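A, B and C are the chain letters, set down in written order, and residue numbers restart from 1 in every chain.
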Amino acid sequence: MGSSTPLLAVEELSVVFDGRGSDEVRAVDGVSFTLEEGRVTGLVGESGCGKSVTSLALMGLLPSRGVRVGGSAVLRTGDTEVDLLGLAPGQMRDLRGSQLAMIFQDPLSSLNPVVPIGRQVTEILTRHRGLRGSAAEKEAADLLYRVGIPDPGRRLKEYPHQLSGGMRQRALIAMAVACRPRVMIADEPTTALDVTIQAQILELLKDLVTEEGTALLMITHDLGVVAGLCDDINVLYAGRAVETAPRAPLFADPTHPYTVGLLGSIPRLDAPRGEPLTPIRGSVNDNIAWADGCAFAPRCDRYLLDCLQGPPELVVSGADGTHAHRCVNPVRHADAAARAVLESPSVVGDEEESA
Amino acid sequence: MLRFIVRRTLQLIPTLGGLSILLFIWLQRLPGGPEYALLPDDATDAQRAQLRRSLGLDEPLTVQYVRFLRNILQGDLGTSLQTGRPVMEEFFTRFPATFELSVTAMLIAVAVGIPLGYLAARRRGGILDFSAVGGSLIGICTPVFFLAFILKVVFAERLGLFPSAFRLSPGLSRTDLSGFVILDGLRTGELDVVWDALMHLALPGLALASIPLAVIVRMTRASVLEVLDEDYVRTANAKGLHRRTVRGRHVLRNAMLPVVTAIGLLTGSLFAGAVLTESVFAFPGVGSFVYAATQTRDYPVLTGFILLIATMYVLINLLVDISYSLLDPRVRAQ
Amino acid sequence: MPTTPNAQNPSDDAGTPDTGTTGPAGGGTSLLTRKADKVDRLAELMGPRDNGTGGAGIWRTAFRRLRRSPMAISGAAIVAVFVLIALFAPLIAPYSATAQTWGGEVFPNQNIFVGPRAENWLGLDNLGRDQFSRMVIGARQTLLVGVVATLVGFGVGALIGGTAGAAATLGGRWGRTLDNAIMRVIDMMLALPTLLLAVTVAALIGASLTTVMLAVGIAQVPIFARLLRGAMIAQGNRDYVLAARALGVRTHRIALTHILPNSLGPVIVQSTLTLATAIIDAAALSYLGLGNPDPSFPEWGTMLADAQRFLSSAPQLAVYPALGIIVTALGFTLLGEAMREALDPKLRK
């Protein structure tokens, strides 16, 4: 993979909320990444870092008032290219569901409680593929079957509250893939689910990407999900990408202290017994404006006064130019090793299987 | 579904039974008691004792309650002190008028309130929103009888657009089938009667509609605003559905759930409002009869009216529960 | 500043004021100072931190939101003016509210009324009394009716609802039975329209101002009871109550120190709204002839009810008290609604 022309190219995306009475909030502050066919791109970060807002901006689902969206997001469909951010609401509505689809975090609240599952699946088929009546129902049953819902004929007539959590998420995925979209965005699709169900859903997403060649943007805070699913990863902090890299280098050789901190916060089976976890101190609210310096500085162990000399630039560090970080005092490989965040078999080992 | 209806109906029995006990205790235990309410203030103690005996008030409470309940179940609510006729009979002859008035008011409230509340929510913060919210607040704060008087003076007496009193113009000939003027008129084809009845219903209907209208506008607005923020509306938009599909199937349908409940609760206050409105427009319904009863302390009428309203209220809420369960599958499952 | 600039740290923080937090070491060790500089600079950039998100935070944010809400401000202004007029009524009213001083100038049966003029700002009523003085003194009675009725409704309702709520959350199975029984009765009372409930009370105990206050108050009991019980049960299911129970805090202490204070918000809101309802309902009761039978004693509801007779010939007599009632009720409603919005975490965005 890794074709030269990306399916969706996001350049310098920014989202600013006009604070009502208070200061405006820059939720996303110049994020750039690309999505390519059949590949999974991850947006990783703590809650509040702007990853969900990024996805809503791409889908055109942000409220129309009080929000300013900047930058561009060019979607290549056939030979034509359209900037998603510049489309009229009506055109965007035509693209949503057919070319762009989204899977949300909480499957229960994301499904209409008073409309049967079947209707919620067929309505998208009617809207974008013109299917009606029994044809739509048959297709809906097929879709449910494809996402692993047994006895789809019965499930179509049921309401969301009658389904289990995993089943609901499968139903939402069925709606997302109903029109074979080119780009799919999954916003924390497994957060609300049990661990065993999480694995099944991730497996399902992986299969859909491989089979359909869909480009998947995976939004998560869970590095386990990232390790298992994502090909390219963007680590976001306070609305900016602080490190972008393909999966292997990111896990093997993290350079930004925030990425290192995220990795250090994960409990590890192979760590010596009794060794404490190393959480990142403070919370995502302890930050400073990017204009003044690195937003992560207040929580950073490697913080220097240099960090406060305006916004740090994105620095390319990898040999092939795929690894970049935004840090004036990056972690070198040797440092990382010293911090016992060396590549682990569990993380790097399965790199081969999906490559 | 049928089982749900049966179960909800059976649940009414303890409620109504409890209500009868409450009403019974209420009547027996109030300061003074009925012998003070029934007799003039200067009656002697002997007269009061006599009345207590004749009303059976000196018997044990349980005996009294059983008799009270038996009478109610037999449809015997006592005799009106004003007219000397059975209370039940008085109610039945007047009920059709009040029913027509209440239905008119509710139709106005629902037909205007839901669209207005919806539009106010869609254009939150706009002029329409501001005037709808402001207007409904003023509506809630305006005494119904004052509004009724203003409507009567302005539209009936000054402008002469509507009749100022009664249910039909005097001297209008009509075939009486059931007491329901509009239904009868439609069945016999006497359209002039229907029109005349509607003209008479307009002003009292509007006055009576004011509070339910105000409540429905605000409920609908709040409910729609809440639903617009729901995740499933975002999902519907993410599916690229047409705006009208999103609004109809996903927003309105969910937003109507609390409004349906509110409509049920409002019917109770509608009957209370009818007492005030009917008296202003000399509308010959249960309301103006009860108004007269409050003036003369006609206590069998008041008791009967409370029981009647409570029963109707309970029945209407049963209907609301049933329609709610049709709208919301989650309720059925419980 | 004793900071020694080095290659790694070329910042120009000469402008940064020395906050004296360099510790007991004073300016001695450059490492410590440099660290302090870094911390200072960071703190400066992070701006003032809001740490008041604890228990009092809800009330403080609610108050802050109220101050910004035009609804709350106009409501509070109306209520303040009304309460001031009511409190100082005897000082404000220029004439006696009951003396028929100008009785010789007004003849209702000949349609002769006196409108606003220099000595009587709002004209005379149908018996030749100064309308402005009656309005002012009437405000006092109206406030009294509203407050007493609300207190009755709140007191009795809170007692019933509080008992039911505490029983349901803390009393185990027996408590739930008690709660069930109480709430059945309350639900039945709720089944009756408040005004009708009030009419019945008033019709049975005779017409007087006390009757109106009692009747309107009793009619509000089920609402308060339900509200407080609901709020308490909602609070009782919160984790902090579970935590308190797990720590072995006695149940009545939990009810008094944890659940009740946290349930008060909606009750305060409801009280404000009830003041409006009470004033409107009292007017309706007066109209039904169940209010104060002494017409010389001015009260807006009674005044409005009396003035209905002259509505065609002298509408102003009805309009003044009606406006008084509407504006006052609106004031309480606006304030109550604004408080509800400010306290509702769902609407807080």
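We adopt the following convention: a contact is a pair of C-beta atoms (placed from the backbone, for glycine too) under 8 Å apart; a residue touches a chain by one contact, two chains touch by 3 or more.
What you see is a predicted model, and the numbers here were worked out from it, not measured in a lab.
Student: Which two chains does the highest number of contacting C-beta pairs join?
Tutor: B-C
Student: If I average the C-alpha coordinates per chain and also across every protein chain shown, which chain's average lies closest to the global one?
Tutor: If we average C-alpha coordinates per chain, C lands closest to the whole-structure average.
Student: In terms of CA centroid distance, which chain is the most far removed from subunit B?
Tutor: A
Student: Distance between subunit A and subunit C based on Cα centroids, please, to the nearest Å.
Tutor: Their C-alpha centroids are separated by 47 Å.
Student: So what's the Cα centroid distance for subunit B and subunit C, whole Å?
Tutor: Roughly 28 Å, centre to centre.
Student: How far is the middle of subunit A from the middle of subunit B, if each middle is the mean of its Cα atoms, in Å?
Tutor: Chain centroid spacing, subunit A to subunit B, equals 54 Å.
Student: Using the touch rule from the top, collect the residues of subunit A that touch subunit B in their complex.
Tutor: 59, 61, 93-98, 101-102, 104, 106, 109-116, 119, 123-124, 127-128, 159, 161-162, 172, 175
Student: Can you list the subunit C residues touching subunit B in their complex?
Tutor: Contacts found on subunit C: 184-185, 187-189, 191-196, 199-206, 276, 280, 283-284, 287-290, 301, 304, 308, 311-312, 315, 318, 322, 325-326, 329-330, 333-334, 337, 346.
Student: In the complex formed with subunit A, which residues of subunit B make contact?
Tutor: Listed in rising order, the residues are 230-232, 234-243, 245, 249-250, 253-254, 257, 327-330, 333.
Student: Would you pull the subunit B residues touching subunit C in the complex into a rising list?
Tutor: 14-15, 18-19, 22, 26-27, 30-32, 37, 137-138, 140-146, 149, 153, 157, 226, 268-269, 271-273, 275-276, 291, 293-295, 297, 299, 302, 305-306, 309-310, 313-314, 317
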